[in-house]
Every structure is written in C-alpha cells, then in structure tokens.
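First subunit A sits with subunit B, and in the next complex the same chain sits with subunit C.
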Partner chain A sequence: MNNLEKYNTVFINNFHITEQQLPKMAYQSVSAWDSIGHMGLITALEEAFDIMIDTDDIIDFSSYEKGKQILKKYNVAI
Partner chain B sequence: MRIIDAFWEKRNLGVNCKEIIIENNDTLISFSNIIGTIESTEYVVFKVPTGRFDFYEMLSKHGFVFIEGSINFKLNLKDAFLSPLQQRLNATISYSEMGQNDLEKLFGEIKNGIFATDRILLDNHFSKEQAANRYINWISDDLKRTAQVYKIIYKQNTIGFFTFKQTEEGIYYPFLVGLYKHYSSSGLGFTTLRKPIDEAIKRNGREISTYASTNNTIVVRSHIQQGFSMHDIQYIFVRHNKKIKE
Partner chain C sequence: MSQSDLLKDKIALITGCNRGIGRAILERFAEEKAVVYASARIEGSIDDIALELSEKYNTVVIPVYFDVTDIVSLKQVFTKINKEQKRLDCLVNNAGKMQDALIGMVTENLMQELFSVNVFAVINMIQYAAKFMIRQKSGSIINISSIIGTNGNPGQIVYSASKGAVVSLTKTAAKELAHNNIRVNAIAPGIIDTDLLVNVNSDIISNRISKIAMGRIGLPEDVANVAVFLASNLSNYVTGQTIGVDGSVLI
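Let's turn to the complex of A and B:
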C-alpha cells in the first residue's frame, strides 16, 4: 500500500466515508469529524506512518488536503 | 411540582418567566391547578422527567413545544478518561483564573456566538443578543457568589474557558464551558471538559456533576468519551404568551 492509499484508508475507516467524499473532507464536514473524531484521525495517522504529530499541526489539520501538506513535514510524501 | 419565579429572565430576556419542574409523583391534576399561572406568564418553561407521556401530551395540547433534553452527567473523578493522544495534548495546555481583561474577552466571544446550540438562541422568539446577555449575566452573577472562571491556555493564547463552583462537599459543577471561535476546529474541545476535572482533582474533589443539551451531540459524545455517565434527563418544553401588561 503506498502512502496515498494508507492516508485514504485512515480517513475512510475513521469517518466511515466513501473514497468519493475524500477531496471535500474538512473538520465538521461530516458529523464524525468532531473533536473526538479528530483525535481518532490523528492517532490512526500516527500509527499508520509511525510519526508523532506536533500540537500546532494537530490544530492546523483542518481538511483532507491540508493534512497532506502537514504530513510532508514528517517526511511522508503523499 | 415546583414553580420557580425566574425573575432574572426579565433582565436577561425582557419577559416574565416561570420555570415549572415536574416531579415523578406529580399528576395531571397538579397541571390543571396552574393553568392560570401559565396563562399569565410571558415565557413558561416546563422541565419534565423521562417517561411522562401524560405530561408531554398535555403540554402539547396547551401549546407548548419541545425545545431540548437536558442531560445530567456525573463523573466519579476516579473514572476520568483520556486517550493517550489526549493526554499528550492536555499536558501542553494549561489554565489559570481569569482577570478583568480576560473576562471582557470572554464576554466578547460570547457575544460573537460561541454557544450555537443554546435553547434561547435556537428559539426564534429571542435574539442572539438576548442569548449572549443571558450567559454574560449568569457568569457575572455567579462570580459575585462562589464561582470562579478560568481561561484555558495554549502557547500563551486563550483557547477557551470554564466556570467552576462547588455545589456540595467534593462535588463540582462547571456550569458553562466553551472553546473560543478561532479554535473551534482545532480538536482541542476536549480540554473544556478535562480542565475542570483537573481542577477538581487538584482540590481533592470526588465528583463532577454537570448538564449538556441534547441539541449539542458533540458535547454529549465528549462527556461519554471522557468517562461521564448519564444520571438523568429532563425534557424541556416552552411556551410564549403575548406581552402581558404589569
């Protein structure tokens, strides 16, 4: 599984969404992406890519697209 | 049945208000005895326990509408839970008691609408300014009594707040909490529940008892996630009568 597939799988499993929904995913765009869902998403990404995301980046992680940019800082190219 | 003259709502909302609390042993006879009180009050709020379909039906017949469920959540502090990630984040976030400038900032945030699911705000008989003033007056009044207000801080920025008061020995009630608008999508909302828990632990407390509206499912989920259990629910019905001359 490449990084994009891993990244997508985390979103799909965490928020119970389809692949088609991914590009428009943003904080609170679906009911599952609330503060609890956000914690679940970050935890799953840290496990999937074996990284530890800084608090500032957790706060800034506001959408599917924004997350891709943030993960670059952790040497995860998507 | 308890009838409370909610005189403070005259200042907050500009209407005379009665809060009527139905207890488990009340019957519809007690309802018929207070029809006159209902008719002569501008804003009537009924709080009814679960399972009282007789009252729900009667209230509906008398023009009351359901506006929210009020859940009483309790937490034995020994049961407080945070996920490992939340623990990590919680350690980077502090809190301290507010000064006057902090309070003014808080009141600005409230006027800016941080409480989007409030039953007054959702009620189109009231304005968002009235809803905000009600919260500001509530905090100001309780500060004059025994409550404290704390700011929640991340990197020297205030991200939210919580109120705090002791209701019984070892039992604390954070009657209002919230995240400031700039941080509303930060994922840090859990700290508005956790920091009062930390303060209660610091004071050697044993329990937090608080309320959440069924209109705010995010907050309901957060309480359950952090170990709170549902103790009770009251269903809230309201009725507006025309302006009554005093």
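Let's turn to the complex of A and C:
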C-alpha cells in the first residue's frame, strides 16, 4: 500500500465515507469529523505513518487536502 | 504492602521520580511489575535507582530526563515510548513546584513559573498521552493535586490556584476521554513526610499533626498505593475523581 492509499484508508475507516467523498472532506463537513473524530483521525494517521504530529499542525489540519501538505513536514510524501 | 502484580504488562510514565511522592510511586509501580519510564530533570540523577528497582522487582525501569515545561523534550520522550513500546497504559503527572507568597507579594514571575509546571505541563502531557490511549482505547491518567488545591491555605494563593486547576482539568479530561475508555483521576495528598518537611520546625510539625484526625503525617507510600489502585484494573469504573490522601486533616 503506498502513502496515498494509506492516507485514504485512514480517512475512509475513520469517518465511514467513500473514496468519492475524499477530495471535499473538511473539518466538520460530515458529522463524524467533529473535534473527537479529529483526534481519532490524528492518532490513526500517526499510527499509519509512525509519526507524532505537533499540536499546531493538529489544529491546522482542516481538510483532506491540507492534511497532505502537513504530512510532508513529517517526510510523508503523498 | 506486598506485591501482587497489579500492573503487570502495563507501560507507565511517571514524572518527578527523583524524590518524595514520585519516588514512592515509582517503587510501587515497579513492585507491581509495571514497565516504568521514570522521569527527572537532572541527567543521570535516577540512573542508580532505576537499575536497583529493575533488579529488585524483576521488571524494567527506564530513566528519562526532561523538563516537563520543555515541549520539545517532552515530545521526544513520547516518541521514544512510541518507538519502544507502541503503547502507554498509564501516565502519572507528579512533577510539580511549590512556592509560597502572601497576597501583595505575588509576582508575575511566580505565577508563570508555578502554572507552567503545575498546570500547562500537565495539560501537554495529557495531550500526548491521550494520543496513545485513544489509539489503544484504554488508559489511566493520574494527576497529583494537593489538599491545598481543594481546601486553600494562607500564603499559597498561587500554588492553591494551580493545584485547584489540576482538579478541574482532571474532571474535564475525564469527560472528554471517557468514551475512549481512558480514565483520568487526581490524588490530593495532605501533609506528607517528604524532603519538604525536613527543615520545618518540630513545633510546627506537631501543630500540623494535631490537625490530622488519624494522628500522623502521611507517608509517600500512602499516596503511591492510591496511584497503584488508579493505574490498575481495580479502578476500571473510576474516573473524574479527586481522591484525598490526608488522614482526614483539617486545614
């Protein structure tokens, strides 16, 4: 599984959505992505990529696309 | 108290292990067979005790050195635990700072210092520990407050505010993390026989003992035993509580 597939899988499993919904996913765009769901997403991404995301980046992680940019800081190219 | 392996296979991180209550919690956790990451600020200061406890109790005590107010070092420690263990079952936020000042003599500096160690660092530690615990859907966080935080005391307006904050943040964290099966509790020790009492006049100590219904000053082990309970599965349905360990003291 490449990084993009891993990234997508985390979103799909965490929020119970389809692959088609991914590009438009943003914080609070679906009921599952609330503040509690957000922490679940972060911990799942940390586990998937074996990283620890800084608090500032957790706050900035506002969408599916923004998340890709943030993960680059942790040497995870998507 | 004899060991009964209450914490066998649990991974714990305890801050402020170099003396007093933290040191006692470290020993009791090791006695109950937890794998303990024991923290202190001064490099090398708990190497010997870590080795001694590892051998004495046939477990693993790993010394880690960092200042709880240093977010970079703090993150490095959690990264280390993540790499080595992939999980964290228990966090004990014990490191704290006490300094007295009467109203009218409280400086901005004092407020910043006490709140940095006693409150802000505790919140940061909880944030990092919660990441492990959310992932594994279990965990116990234990915050060391103080009877001064629950009851107040003359000359300790800043300290009491900081330890009172520990009580309230414990309640909020417990509510926020409960659905992930993460428990958050606090311990509020009363007057405990630690290094802090060494230089206190014997008359003052006698006066303090007279206010304790159980007639004695508490031991660090009294606090450590409650920490073991809160870290263990015996307290699986206990969260958001502040447990006083004070022999029913009147202050």
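Throughout what follows, the second predicted complex is superposed on the first by the 78 of 78 C-alpha atoms of A that agree within 3 Å, B and C clash if a C-alpha of one lies under 4 Å from a C-alpha of the other, contacts with A are read in each partner's own complex, and residues count from 1 in each chain.
By our rule, contacts are C-beta pairs under 8 Å (C-beta built on N, C-alpha and C of every residue); 3 or more make two chains touch, one makes a residue touch a chain.
As the structure is a prediction and not an experimental result, all values here were calculated from the model.
Look at A:Thr18: by the touch rule set out above, it reaches neither subunit B nor subunit C. Using the contact criterion defined above for the overlaid structures, shared-chain residue A:Thr55 touches subunit B and also reaches subunit C.
Counting the residues of subunit A that each partner touches, subunit B and subunit C differ, and the larger count belongs to B. Look at A:Glu47: by the touch rule set out above, it reaches subunit C but stays clear of subunit B.
Legend: residue contacts after superposition of the two complexes on their common chain; A:Gln28 is shown touching subunit B, with no touch to subunit C. When the shared chain is aligned, subunit B comes close enough to touch A:His38, but subunit C does not. Subunit A residues in contact with subunit B (one complex) as well as with subunit C (other complex) are 36, 39, 42-43, 46, 55. In the complex of the two chains, the subunit A residues touching subunit C come out as 36, 39-40, 42-44, 46-47, 50, 52, 54-55.
The touching residues of subunit B, counted against subunit A in their complex, run 83-86, 89, 92, 154, 183, 185-190, 217-218, 221-222, 225. Against subunit A, in their complex, subunit C makes its touches with residues 75, 78-79, 82, 127-128, 130-132, 134-135, 176, 179.
Of all residues in subunit A, those touching subunit B in their complex are 27-28, 31, 34-36, 38-39, 42-43, 46, 55, 58-59, 61-62.
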